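Chains: A, B, C, D and E, in written order; residue numbering restarts at 1 for each.
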Amino acid sequence: MEYTVGNIAPIFLAPVLAFVINAFLGRKLPRQGDWLATFSIFVSFIFSARIFADFVFGKFATDQYIHKTFTWFDLTYGANIWKVDMGVYIDNMAAIMLLMVSGVAFLIHLFSTWYMDHDEKHGRFFIFLPLFTSAMLALVLSDNLLSLFIFWEIMGFCSYSLIGIYNKKEKAGDASLKAFMTTRVGDVFLLLGMVAIWMVIGSVSYVDIYAAIAQGKFAGQAVMGISLATFSGLCIFLGGMGKSAQFPLHVWLPDAMMGPTPGSALIHAATMVAAGVYLSLRMYPLMVLGDLTWFIAVIGAITAFMAATIALVQTDIKAVLAFSTISQLGYMMIGVGVGSYNAAFMHLITHAIFKACLFLSAGSVIHSIHEQEMPKMGGLRKYLPYTHFAMMCCTLAIAGIPLFSGFVSKDRILGDALYFGFMAGQSPLMAIVPILGFAGAGLTAFYMFRMMFLTFYGENRMHHDDHGHGHKDGHNDEAHGHDIHHEHLSVRQNIPLLILSVFTLGFWFAGTLTGQTFGKVFGAKTEWFKILVEAPKVERFVDHSRELLGSTDTRPSLELPVAVYDHHSDTQTGYAGPNPDTHKIHQAHTIGAILSIIIAFSGVFLAYLMYIRKSVTPLSRTFSSYTELLKNRYYFDNLYVDIVIKKGLLPFNRLLSWFDMGVYDRFAVDGWAKVNRVLFTASKWFDNVVVDAIGVDGTGVAVNLFNLVLRIVQSGKIQFYFIVLITVLASYIWTVNI
Amino acid sequence: MNQTLVSYLSQYEFYDILLGLFGKNEGFLAFTIYLLFTLAIVGLCATIGGLGTYAERKISADIQQRVGPNRVGPYGILQFLADGVKMITKEDVMPFTADKFLFYLAPMLALIGVFATLAVLPWSSGFIMADLNVGIFYLIAISSLVGVSVFLGGYASNSKWSMLGGLRGASQIISYEIPVTISVLSITLLAGGMSFGTILSHQQGTPINWFLFHNPFAFIAFFVYFIGALAETNRAPFDLPEAESELVSGYHTEYTGMRFGFFALAEYIEVFVVCGVGAALFLGGGNLPFNISIDIIPLQLVQVTVFMAKALLLYYVVIWVRWTFPRLRVDQLMSICWKYLTPIAIFNLVGNAVWMVMFNGKSIADLVFGGH
Amino acid sequence: MFAQVLFLMSAFLTIGCAIAVMVTKNIMHSCIFLLGSLIGVAGLYATLGADFVAVTQIMVYVGGIVILMLFAVMLTGGKDFVSRAQNLLGLAPAMGNKWTYGTGLFVGAVFLLTNVSLLMNVSKAYPVKNFGNEFPSTVSAIGKLLVKEHVLAFELSSVLLLGALVGAAIIARPRKQ
Amino acid sequence: MTPAQIDGLMPIVMLMGIAVLMFTGGHFLSLLLAPKKPSHLKSTPYECGELPVGSAWSAFNVRFYVVGLIFIIFDVESVLMFPIASVFRELNDMGEGLYVLEIFLSFISILVMGIAYCWKKGDLDWVKSYQVSLNNNK
Amino acid sequence: MMGLTSYLVISLFLFITGLVVMISRKNIVAILLGIELILNAAALNFVAYSRYVTGNLDGHIFSLFIIVVAAAEAAVGLAIIIRFFQIKETIHIDEATQLRN
């Protein structure tokens, strides 16, 4: 079957249909329509799987892509051709992404049917969840930035609704507002970047942008003294930062766990936050052109390290996971920045899978014992064996233990970062990227195992907690500990976890199977991921031309080719820096792998010593002042509230207020009033005599007179109107005819 | 228009001889032929209508184990003539409160509406007055004049019984027109045309080629058509407009003598027309049950006989139904029409359309025996 | 010959009944005369070779609209308004008086006069064509036009009718007093 | 066979004329033959022996109109469907059957929506229409 | 005799009759009758032009849709009249001068 927009569209239209049905009829459906939402995602999954199979198992060549467009609206006038196209653009990356998003979303939906059972917001949850998924899928399918932006905003709205789904809780409302407003900051920049690109090439389609890069249309263009490529790339990256919770804009994500845990799993772990990384990957050539890669790498490194340190001291199981998400997103950004294109994307995929599984497991724990604080857990291994198994697999993966997926992807990012920082001839300052990266990796291993040990190992601390402590979900005291039953294998609760945990194994992603059984990809010597995913080769699009803004022939011809983007299609790294040295890269990778294994195991060992053996005092007691800093999350929230808002905006407001009251009001308003009093006396006379007597009364009389005439017309008598109509028509015919 | 009576006759030699006699004036010759045949058909139909009353009484007597009319002529067969004479010689009474103009007009409209349908009734493949391209559609359209006449008859009498009967009658006739129209639409769809010639040409040969057996949907459509036609002609069990136990005599309570006679005549002829249309649409009309290639006048007369036999068989069923089933209540009447017949008819239409596309217009017989 | 006869009959039926609609006192009679006029128009369609439109005219107007109007007249009080009409001195027809008729005729005359010259131009531009006795079928052509070129209008008309049905049913449905 | 001619409409006009003639002829005959003894009582409207009170021309129930309304909509829709039904077979043979079927079905589905609406609202119930609508308008 | 002009004359006459009915009658139903006459005049023009001028069948389609619209218009219009009668107990057009009751 040929691919058309029509048979690709069901991928995101099926969940939209479920959304519409649930939104209008959800209350009347059995189980409030959750099965419908789940089924719709399954449909998406089937369609995605078909595309994936075609791409991976050999229907298409490795560098082939599907690009179908139709004109959405046409603003062409005269010689100016302004067409806005909508369409789908599926390459290998999008195909993998589609399968991941729909698969993970399906499992999360399935899990949610268990988790949200008997919840008062059950119905509403299953209204927004499919809409959210469909927006994500549509975003992946988009072939241009404009439609990407539309779905981006739909996702923003859905995450707002899902975070604040318990709308009776004030914290939930605040958190949703915070998430919405913080990501808006990024979105404004994204819009700005889009406008800048549109101004130059008259299109925001990926293909057109690649073509413009290849044809050198960006050369010599500048906005506000900055090179256009830098400006637009920076703006787009800032948009991605907002969505992907990068360093200054990360504050919304930890609060986003106010929503139901499966919702967090879908939104703030697996898919939505990946959108920012996905955008950065799509616009990678622009980033390279704009020389922004070092900036991305630094931002990623700071985020990765900072979030990892904060995660060290969190006691809420979901908070640990939230900060680990930020940290891992930082690694992805490092990957983008250091040119490790396919490793960044692979980390996106592996992270989505194990993080979804981690969140679902956390949900399983929370739902089973009605408790989120880790100090009150412990020893749950006996009660929740399946959850423990799944969570352990994922923790091993995220910690970077060999044979698990996280190791495969993170190790490659770190290896490239090592090369980037020390061997690529960059500025020495860039050394912080690998340093922070490796440090963060160790911290990751530590805090993840800290979470595991506190939750599942040791003695059960639930029975002797103080009763005065607040209960997270307002459940009764009886909920604590007494009603934990041994977990039985349940389809909706455990199967999604187990399926996801199977995919935390590394060989799925690093597979180098030989033999022709699985088609060309699995028959190759290199890892299939490396073959399929590589940075867009813009040279392919040199000949691509479309009639764009101010059509092509009226422009002065550009000298082609301008070597603005020197791409090296090295399948080993995909790094596009100057003269990549293959030997050095191998060296860096070897060192990186050894280092990261050592660091990961030492992190795990430290956690073991602290929380199982208890032979080492937890760091929190040693560095208590630093711990305070971490517990307050580096005071970022306080920074925004106290400094930016109270110290920055409030004094500014006071200044404005003073100006308003002291200057404007006193001089302008009051002074004007005094002037007016004089004028008023004069005008009073004028008013009484001239205006009132002649003007007003006169007008009244005139209107009255006019009324007498108009009243006849405005009688409400239809026949009279008809007579007027016919008379006018007759006179028209008469004049035209003569 | 596919064919008219004149164009059919013009293929025979005697047409040219006649044309010579008329001084090569084709128009005048056509006028004469049409006039003769029109008069003949009106006479035939009036006789059928009259005999209808006789048949009705005889069959009802048979069903109720009575003798029925047996005085006038052999087996009372001339009873209808006696009735006719009686009607002419009855005093003409008109209520003084009546709307005189409409009181006169109503039976005339009924008569016009019914007679006009006779123009397209296919007596045989050749003896059809005018095989209009919009034949069956025209028939449905022009027969809706009867609905107007029923309403006017009820209204003009200015009697409460009549008024109620007229309103009921009009709403019944228009309601049942919908399932009938949609069933006819199904046949139009199968035949690929609205003219009777086209419809009949698809039903030639053995009875298995009749549209009745074309597909399951057409089979159901026939019953929908027949029930709807019963109601449209105000026949029992749908004779609410003239329900004698409720409304005295319905819309023609105040009609006497000649005018009543015309109402009755129109009604009986309409029943015959409806039966004839049913025979033509579903039962193969005048087609002989075997394929024959020669076309001569006597064969046409055989066809007329076949057609009459089928139509009169249906006519017999109509009378049989009348004396077998009890009358419906008015709410049952409406719910049968709108809640059963119309949805079924629409379902049939959709089914026929899908059948057309799926089996490329082949009937069950074609599929089984591999015809066409 | 027959075409001319049919044309004349239809024209006289149309115009005569239209005049009758105009001058009849009784609204019921007016409706019946309208029926006659519409049948006349159907006859004119037939002389123009528009067989399908002619039959549609009969089907919709005779079978539908006129019956609906008769119903509506009955529902709005039957003949009652004849007595309630502003029947000035018994001279002017019902539900209208001398003045309204005067105005109406005056406006009609003005319109007629303005259009006469238009008609003159048309009659000069398009002289009488003799189509003879031909009577082409339009059904299949109309069917194809409806399916191909005018398919949007065709589908939209069903939406229009749905809207009319729902709207009219809501308006006409009896309500709580 | 001669081509289609407008003369084919002759029998329709003739049959209508015959109907009128027959009607007037019948009247003429009855004028000659029937007795003529009018009386006031004879020409009162028949009400089973009671003297009629008031005119029969009074306002009637709205449900007659609603039935007429549904009818006219269906009537018009079937009018529009007839030409398409007539060309259905021809276009099907040309291989456009599915397209026409699509058009046809969407048209019918809108038609069905109308009847479903009236059914739901109780306009199709003869007796209950009052009660149902009373409940709906509360 | 049967040229375009003769049809146009008939159509004009129908139109003017409808116009006079609409202006002079005070019964709302009668005004609807006038509207029907006017619509018929228009439809007749379309068919006549289709036969004598354009030679294609678009005029027929137009008049078909005019008939469809006329049916819808009559249905809704009469419903409004019935509703109006239920409120005001009259169908005199001059009573219908208010936008609310």
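One rule holds for everything that comes next: a residue touches a chain if its C-beta (ideal position, glycine included) is under 8 Å from a C-beta of that chain, and two chains touch if they have at least 3 such contacts.
On a predicted model such as this, the values are computed, not experimentally measured, just so you know.
Q: Which chains are shared contacts of subunit D and subunit E?
A: C
Q: Where are there more C-beta contacts: B-D or B-C?
A: When the contacts at B-D and B-C are counted, B-D has more.
Q: Measuring centre to centre with C-alpha atoms, which chain is farthest from subunit E?
A: Max centre-to-centre separation from subunit E belongs to A.
Q: Farthest chain from subunit C, going by mean C-alpha coordinates, please.
A: That would be chain A.
Q: What whole-number Å value describes the gap between the mean CA coordinates of subunit A and subunit C?
A: 64
Q: From the C-alpha centre of subunit A to that of subunit B, how far is it in Å?
A: Here the centre of subunit B sits 73 Å away from the centre of subunit A.
Q: Taking the mean of the C-alpha atoms as each chain's centre, how many Å separate subunit B from subunit E?
A: 33
Q: With chain centres defined as C-alpha means, what is the inter-centre distance between subunit C and subunit D in Å?
A: 17
Q: Which subunit C residues touch at least two other chains?
A: Within subunit C, residues 2-3, 47, 49, 52, 56, 59-60, 63-65, 67-68, 71-72, 74-79, 100, 103, 107, 111, 115, 135, 137-140, 142, 146, 157, 161, 164-165, 168-169, 172 contact more than one other chain.
Q: What positions in subunit B touch 2 or more of the other chains?
A: 1, 27, 30-31, 132-134, 137, 155, 167, 170-171, 174, 177, 193-194
Q: Could you pull out the residues of subunit E that touch at least 2 other chains?
A: 19, 22-23, 64, 67-68, 71-72, 74-75, 78-79, 82, 85
Q: Show me, using the given definition of touch, all chain pairs that touch one another.
A: Per the contact definition above, the touching pairs are A-C, A-E, B-C, B-D, C-D, C-E, D-E.
Q: Which bits of subunit D are touching subunit C when the two form their complex?
A: 3-10, 13, 55-66, 68-73, 75-77, 79-80, 82-87, 90-91, 99-100, 103, 106-107, 110-111, 113-114, 117-118, 121, 123, 129-130, 133-134, 137-138
Q: Name, in rising order, each residue of subunit C that touches subunit E in their complex.
A: On the subunit C side, the touching residues are 3-4, 7, 11, 14-15, 18-19, 21-22, 27, 30-31, 34, 37-38, 41, 44-45, 47-50, 52-53, 56-57, 60-61, 64-65, 68-69, 71-73, 75-77, 81, 84-86, 94-96, 100-101, 103-105, 107-108, 111-112, 115, 119, 122-123, 126-129, 131, 138, 141-142, 145-146, 150, 153, 157, 160-161, 163-165, 167-169, 171-172.
Q: Under the stated contact criterion, what part of subunit C meets subunit B in this complex?
A: These residues of subunit C touch subunit B: 1-2, 26, 28-29, 32, 35, 51-52, 55-56, 58-59, 62-64, 66-67, 70-71, 74, 78-79, 135, 137-140.
Q: Over in the complex, which subunit E residues touch subunit C? Could you list them?
A: 1-10, 12-27, 29-30, 32-34, 36-37, 40, 43-44, 47-48, 50-53, 57-58, 60-61, 63-65, 67-76, 78-83, 85, 89-92
Q: For subunit D, which residues count as touching subunit B in their complex?
A: 1-2, 4-5, 7-12, 14-16, 18-20, 22-23, 26-27, 29-31, 33-38, 40, 42-48, 52, 55-57, 60, 64, 67-68, 70-71, 74-75, 78, 81-82, 85-90, 92-93, 97-98, 101, 104-105, 108, 111-112, 115, 118-119, 124-127
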